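In this document, chain identifiers A, B and C correspond to the written order of the chains, with residue numbering beginning at 1 in each.
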Amino acid sequence: MALSVTDLRVYYRTLKGDVKALDGVTFDVADGEIMGIAGESGCGKTTLGKALIRLDNRMRHAGGTVALDGEKLPIADDAAMRRHRYREVSLIPQYAMSAMNPTRKIGKMIRDLLAAHGVRYAEVLPELERRLALVGLDAEVLKRYPIELSGGMKQRVVLVLSTLLNPSLLIGDEVTSALDVSSQKAVARALVEFRDHGFVRSMVVITHDISVLFQVADTILVMYAGHLAEKAPARTIIDEPLHPYTKMLIGALPQVGDRYDEQQLSGIEGRPPSLLNPPTGCRFRDRCPLAHDRCAEAPPFREVAEGHQVACWAVS
Amino acid sequence: MTATQPTTGPGTEATEQPGVTGAPSGSRKPGGDVRETLYFALRNPKVLVGGFVVLAFLLLGLIGPAFLRYAPMDYAGPPMAPPGGDFPLGTTTFGQDVFAQFVAGLRSTFLVGVLGGAVAAVIGMTIGFVAGYRGGLIDELLNMLTNVVLVIPGFVVLIIINAYLGVRSVPMQALYIGIFSWPWVARAVRSQTLSLRSRDFIDLARLSGVGVGTILRREVAPNMYSYLFMTFVLLFGGSILTAASLDFIGLGPTNAMSLGLMMNQAVQWSALHLGLWWWFVPPGLGITLIVGSLYIMNVGLDEVFNPKLRET
Amino acid sequence: MRGYLARKTLVYGLTFVVAVTLNWLIPRLMPGDPVQRMVARAAVQHPETIESMTVYYERMFGLDLPIWQQYLNYWGSLFRGDLGTSVWLFPTPVSQVVLDAVPYTLGIMIPAIVLSFVIGNTVGAMAARSRWLDNVALPVGYLITAMPYMWLAILLAWGLGVALGWFPVAGGYDFGLVPQWSWSFAADLLHHWVLPFLSLFLVSLGGWAIGMRNLIIYELESDYSNYLSALGAPRRLVRRYAFRNAMLPQITGLALQLGTVLGGALVTEIVFAYPGLGKLVLSAIQNQDFFLLQGTLLFVVIGVLVANFVIDIVYVLVDPRTRTGLTGATA
């Protein structure tokens, strides 16, 4: 098991109290697996992504554990975590367009970063060039400033840079949101390729755009309001979703390959509950057409079929 | 980010993204309501202390004259008397009451700050709004104008204007100061307007057939109130400092006492060599405390309007 | 890069034209007959001075000529380097008087600007994200920035000059000395230089420190800083990048501050009776020497424009974005 997350809780500190953005989450990612995480904005998927590599200063680790290759990650300890970053856990951030220092040549930036990890640039350079070629980039880009590259090119450079030291786990946060459709496809293909080449052992791909997950993910995890709703192989999620929220999420999708944004998703009636003082029981019940008395009690996230888990009382 | 930051007093930066922060997973409302702002403002020590000092000086300037026995220029007492007794801040070489001069000077200081700040704010915001909103050729021209005024050493032009045309009153002085201190406001407001213009609500207003002025006033301005307020605070302080320098050179208003003029006279009549510290320390200290409090208040306001700074 | 500098040059050219035009226009806005008023106000004794003044004023204003011709003539004499004759130091040409004063002003301004910039930015960078330094440096910095230039000058003159007697408080060198190339004269010059320099330096220091602190915090929250940290880059590297990028707006700010610092230098010189442009401005005003005043203004404008241009070139060298033709919002 590459990644093993157990009852993870991460809260945001605000003046009004803790916002329970991630409230008890348990799941595993197998070696070689690409797991997609989907859900509306505010469901906790971005928080989950950050929790696995670097909490920002408003986030608090409130409980639970994260283990990678059997070793527990000190996610609450920024300094101790540094040793694990990049070599073991790496990230393709949401903001790939602005992820690189605008005033440093790309090659120089990579050299600085590698030096900080005790790796010599010259030793890695041939492999770096090979991987750039793999995503269709000339080694020339290393001599350029980020501003001279197109959005798609920057995204691909970030992909290569983030995976250069062959991490066990790669977190991709909204990897394709900022790109046009053709670049999206190219990046999605590259992600799968990188896994197939063994540059990355396993991946967690976070997106609000389920159609991307159809292209890359082996399994899909659906989150709602800080809880897990459903996890199953990608095909199953599309063809036979069980959780009412997943059904609506798939139903709200105009058609595979199109993008939807939050406005269209509001086709699902109502809004997610506030996570400041979340209600007990199933958090979807206010919007759920199947809600009944039992939903006042939180449903367990249990296995209903091989590799298919759901948190819903209506599913037997 | 853009390479240009609005700059006022040497290097005092107002970052170009006031209040824009990634709310954690959308759980926080964008923008703040007035009550919430006030709540945080009244609990921010920087805002409170800064505001208190400024208000205290303002009150002294407003109601102080009612309690004075001597006019600022009267030869009221013994020359060169140290502070104490009848003269809380002592007297000048001519026996003028330093405290009376100080109180009168405070009035000019606040007046020039408010008026100069207002003139600069109005010009800068208008030009910035129009340039950012209309774009195209108008933007090009206004941008050029802004850059030209930005590069001209305004203080030296003010010296020439004052020397030739003479400045009789504080409002006149404030007007001239305002005319030369608006450019960085225009720049900042322009870039803010540009970024706001592209948002949905502006399109919505435009589609509903509302005029440009109305859109600017109803849709753009409210989104920038916090920013504009902070800008005004900085302009206020800047005007006071510029006026003090002009007064010190002897180019201030001819019909009013001012803190700069006090320092001018103190230096001119050898207060330094005679050791009459009570003559030249209070006016400069007054300006420093007023302007410094404004700056510190501004940092506090930044924290109030920008929740990201508030929490750390 | 060429586009960037071309645009800047256009702005500076325009600024120069505007400044010269203002210089020409403002005296004409004076109510009444400016020649009579100025001659009367000057109140000089020598008959030849009065005559020369009247003639010169009339020639300069050329009030009988059409307004456009007056304007062109003004430019003509400007390009011949003719800024008129000083009334106060009659019959020295204004350009000579100004050139004699310029070294003193530059002598305090350049070291004050450079040192305050370097030290201020260093302190500001250290203060950012260091709670203790931040709590001390920030309020102190704001108070220093809020000080009127002449007040700090007065305090230094009184404290270090009059009370302690460590430094002279007036003049550029001892009145008993004749300017010459000797060690004793140089030492005396330096001795007189300390207080005006220190005063200007200190007032400028706070602003740079505060500006750098705020910019560094802003940069440390930027995407590239977050990405570097997420990839396990040590704090040192992240801060180094942030500092480098924060310097860019500070350099722009340096250009924008020149006018303010210059104003500060003028009043500082007046406090210390330092023989630079500030003292010249004061004497010109007190003696109603308008040629001198206007000549000084033109010199200052040219100086500021040249300095701006130099800073722009430095900026092009340090910010790759201007070189690649993808100019940011600077223009």
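By our rule, contacts are C-beta pairs under 8 Å (C-beta built on N, C-alpha and C of every residue); 3 or more make two chains touch, one makes a residue touch a chain.
Source: prediction; values computed, not measured.
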| item | value |
| --- | --- |
| Chain nearest the global centroid, as defined over all protein CA atoms shown | B |
| Most distant chain from chain A by Cα centroid | C |
| Averaged-CA centre spacing for the pair chain C and chain A, given as whole angstrom | 54 |
| Chain centre separation (chain B, chain C; CA means) in Å | 21 |
| Centroid distance [mean C-alpha coordinates] between chain B and chain A, Å | 48 |
| Sites on chain B at which at least two other chains make contact | none |
| Touching two or more other chains - residue numbers and ranges from chain A | none |
| Residues within chain C bordering two or more other chains | 222, 248, 319, 321 |
| Contacting residues of chain C [partner chain B, same complex] | 11-12, 14-15, 18-19, 22-23, 26-27, 29-30, 120, 138-139, 142-143, 145-152, 154-155, 157-158, 161-163, 169, 203-204, 206-212, 214-215, 218, 221-222, 248-250, 252-253, 256-264, 266-267, 270-271, 281-282, 284-286, 290, 293-294, 296-297, 300-301, 304-305, 308, 319, 321, 328-331 |
| Footprint of chain C on chain A - complex, ascending | 53-54, 56, 82-87, 90-91, 93, 95, 98-105, 112-113, 116-117, 145, 147-148, 158, 161-162 |
| In the complex with chain A, residue positions of chain C that touch it | 222-224, 226-234, 237, 241, 244-245, 248, 318-321, 324, 326 |
| Complex interface listing, chain B residues touching chain C | 1-5, 7, 9-13, 15, 143-144, 147-148, 150-157, 159-161, 163-165, 184, 191, 237, 241-242, 244-245, 248-251, 260, 263, 266-267, 272-273, 275, 277, 280-281, 283-285, 287-292, 294-296, 299, 308 |
